[in-house]
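Both complexes shown next keep chain A, but they swap its partner, so chain B is in the first and chain C is in the second.
Now for the complex of A and B:
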């Protein structure tokens, strides 16, 4: 099993969700996060006081899929979330040791 | 309309004298009818004026809560939103009780030139009959409660300067002493019978302050500066991110302030006549002009027209037109508004940075400076065409009386002086009794948790 963690632009969330649904991915977890990579932040001015805002809002999508599906899911996410500009985000893929469905003790791929 | 109001006294005398002379020759029921008619006319006027003044009282209270509470609450960080709103809200209770016990008497009792006597202690003698000196056509009680609303918002304005770092107990003591030592005397000097600066009731140096440029905005704004300097900067100011946590709340607050201010300024006519309309209109146009003045300045200098700038401009305009509202025509009101927008913008965005004091929510830059500007410009633009307080004699500089400008300057100096000295003494006393500032740890954690044991936003709840 692979855990796919994608940090994307918030306005790309709908596209990503739709694309995953189309290839038959059922489950995901979403978190609103803030962060930055190479994309630098912006400056806000309140009554003449300048504030540098370098942590920008992003959405983090997490999903765990059976090994054979990982590449397809990553490709789908890249296509759906890409605008081609700095700030599009990143995807991290890692191994998952096990998965358990709380409702009925299903294990491994059956729990996904 | 004006000619009519002028002949009303003559008409009344005529009717009465005819009534009296006919009373002997006419059957007694006719005399009684005339008498009843006179009473009915008076009651009708009182009903109209009283309706507007009770409404105005409620409007001015709405300026403090939720108006100012939202305006200030949105500008602080979210760990201090409740503490900041509480500064405004708790004064709605504290000052009210103080006012009932002694405040109204000290401000409006006929004492000496500087403060009132104790004739209205515990509101003794303040009842349904009008007090002819202050407002002949509304119950004395209405006048008293209307003035109370001003006494509530004035100290609440100061809280913008010491936001995010003052101890709650110290705030209560400070505000109580400040009302007693600064506000009540200043209100008496300008509006109380026999007060030094009273323009309508025998002041030695009559100053025009229709709704509180000196009494409300200079005293609170200048005291705010003293507080900011005395208490020092917030921890890490200005390096840490101290962005307003919700300009949205501030927009709602500013809009409520704009609406409530009609009660503040137009209500200061203490009647529902044409002077109230004139003040209402001057207030509105000055505010609109100040919004545009601030926005254009910011757009040119900083590059973007911010929403916070636009609403700050509105408050600056409302402040500056306050002393002038019952004395000036619409076009001078627009000039006053533009001046306030431009000057207050430069004050909070440039001058404050130059000196580096931490007037957290710009109570001085907006209220102190806007109030001073308005008080001085009132001396220039006041005209007898709007308010014939001097029975045909010139009012301000545009009427040809340069002397009034001097009186305005004197009133400004007295209010600045009283605010500086009074506030310094009060801060020293408060500091000695309970310490004015929270500990560094408490400040980092936020006033909501450390002072009140609550949080403003419990989204997981």
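Now for the complex of A and C:
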């Protein structure tokens, strides 16, 4: 099993969810997050005063999928969330040791 | 999905029969067990009684069965094994009672750590055993109850408040607990107890609420097979084919219970007579010829309330509440309202206090029949916590306690806050109509505004706000904020700065009132970014964009605005444009048209004339020479070379107010400097130099931007404000041989924010000129010119 964590632009969330639904993935956790990567934030001017915006609003999607599906999910996310500009976000993929469904003790892929 | 058969809550007759049947059945088994175990051993000196819900004959299928074993004295309590036999018999017959053994004296003593026990005795009922012993308790307890009524009431109130606090003191829960939640059965019982201890007039009839809550609880017990009282989403669906309608009924009843219990709790805590209470008494000097104020509660002096909204205005202005007696007297009261009445109420900073009082007393739906559409209306999802009417009131209240500094400031800049409050009042009025709620709300609002006689311009703004109340939220979540077209589309749709402010704050309120956690810092940041985006678009870029062929205007007027910056249309109301146009007509017969208005503690000078070099600086100088303090200024010129300058200024020495002839002299001096007959420099020479602190709090900053506009250089200046600053800055620009195309001046407390669009011989400023001018401007900021 792989854990896929995608940090994307807020306005791309609906597209990403729709795209995942189309390939049959509908379980995920979504969090509203703030942060920055290379985009670093920027200065904005309001009424002649500059102020720095260093944490930008983003959305984090987390999902765990069986190994064979991981590539497809990542590709789908990339296509859905890409605008080609700085700040599009990142996707992290990591190994998951086990999954347990609390309700009935299902384990592994069966619990996803 | 599995279709589950819906099992609606039983009728009130059915509820009463079921509760009575269950009570009788349990009673029979308790009596039987007593007769077979304890009765033969204790002919006298022992009795068994039902207490709590069992005592009230309100036994639900799985509610606790509370028994009291009453002994004559602590010395002859029945031995443990005898009691065990009694309990065992009942367990064997399938009952699971909770029991306690107490002597008569024990029952009439206070138990600070077990107030629940004493409270359960309020509902005691003899079942079996020594009837004479029971009579002794009855007599003693009646005396105890009379003597200790106030203290018992306080204990009941403390328990109720603790329980209600666990549910955040609100009836609005998506999955309420019909027993424990505020507005539930426990609250209902609390009002009964308090009334029993301290009888009073005018307590509301809660039988309808009891019937519904009991019916729900009965079904919940049957469905779960245990003492389960949470009205979960699943349960709501099993109870009705129209869960939203079921929940609407629930909230209607829960609200009545909640109001009743809050009133009852108030009465019992007031009697406590604390220092705080005496402090509140002091407020009574607020009393007027119409209202008396006692302990922060408003009572009516006359027999009837005033026909307008002045009662609620009074409540909102002083942040009071209606006394229970006032609420009782307001039943069925329908005020006759006009727009002016609403405007007065809604212009108060704590308008929501008045609106809540209208809601609590039932006057709001009478004054505004459209309110009935949304009363207790449920939006059934995991997100909306409040019923639509409550959401509306919470939204209006959320504008009164903004914790974020940026939005707080934005709210304070809104010139007509009643518009946003009125728009909020009706923004969801079309919900429940079964179609797109936004356009339904607009239609409803139109009817209301027609009836109240809202002036056309306010009507347009309110309609606009309702129609677009979801726009900013949708931009926040579904538009790329970095894409330039997003900002342009938004600015086009919003049109003017005032509308942007109104719509931003309306969105802020709407999101804040979805549920207590809905306005996350994340959302706040997104909303602020959307506001900034549109703000920048409206203020900066539109300055360089000029009006050409203005649509929807008479030809003469279109010629007047031709060539003015687009910003002009976006920052001025139609009335202001009309006034400017009228002034422009005067230019046919005279070289200068000047008008000075006094409004809201400030003066506004409007000047129209043919443009000439150093014009702006001269006028600024003339105004400063009267000791007046310029707060805002704008200068625009149209295609035919007519400039429209506006200066908003304060009169710190009350020169104009105390010397009316000075007003004419100011007008005359402005005319003379414009016509070149007098020099501003000379006028200012006589004025005392303002005192300048050696350590300025704001470090002056001057920045140049050549790419902000197609034809001019943008100069932004931030500086500590001081009298005469604008003249010095404008003069420095003029002396450098530059022409001021557009000016926007604003002040925030002691900070001046000045923006000039400047050209030199028709072109942008080159680097050399920029650095020269920069040092001149910095010197002007420091007052050393």
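In this text, the second predicted complex is superposed on the first by the 106 of 112 C-alpha atoms of A that agree within 3 Å, B and C clash if a C-alpha of one lies under 4 Å from a C-alpha of the other, contacts with A are read in each partner's own complex, and residues count from 1 in each chain.
Throughout what follows, a contact is a pair of C-beta atoms (placed from the backbone, for glycine too) under 8 Å apart; a residue touches a chain by one contact, two chains touch by 3 or more.
Note that the structure is predicted; figures quoted are calculated from it, not measured.
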| item | value |
| --- | --- |
| Touching partner for A:11 - first (chain B), second (chain C), both, neither | second |
| Residue contacts with chain A in the superposition, chain B compared against chain C | C |
| Touching partner for A:27 - first (chain B), second (chain C), both, neither | neither |
| Overlap of the chain B and chain C footprints on chain A, listed as residue numbers | 44-49, 53 |
| In the complex with chain A, residue positions of chain C that touch it | 476-482, 520-523, 525-526, 529, 532, 535-536, 716-718, 746, 748, 753-755 |
| Chain A - residues contacting chain B, complex | 44-49, 51, 53 |
| Touching residues (chain side chain A, partner chain C) in the complex | 9-11, 13-14, 32-34, 44-49, 53, 55, 57, 83, 85, 87 |
| Residue ranges of chain B in contact with chain A within the complex | 238, 241-244, 302, 304, 306, 308-309, 312, 348-350, 352-353, 362 |
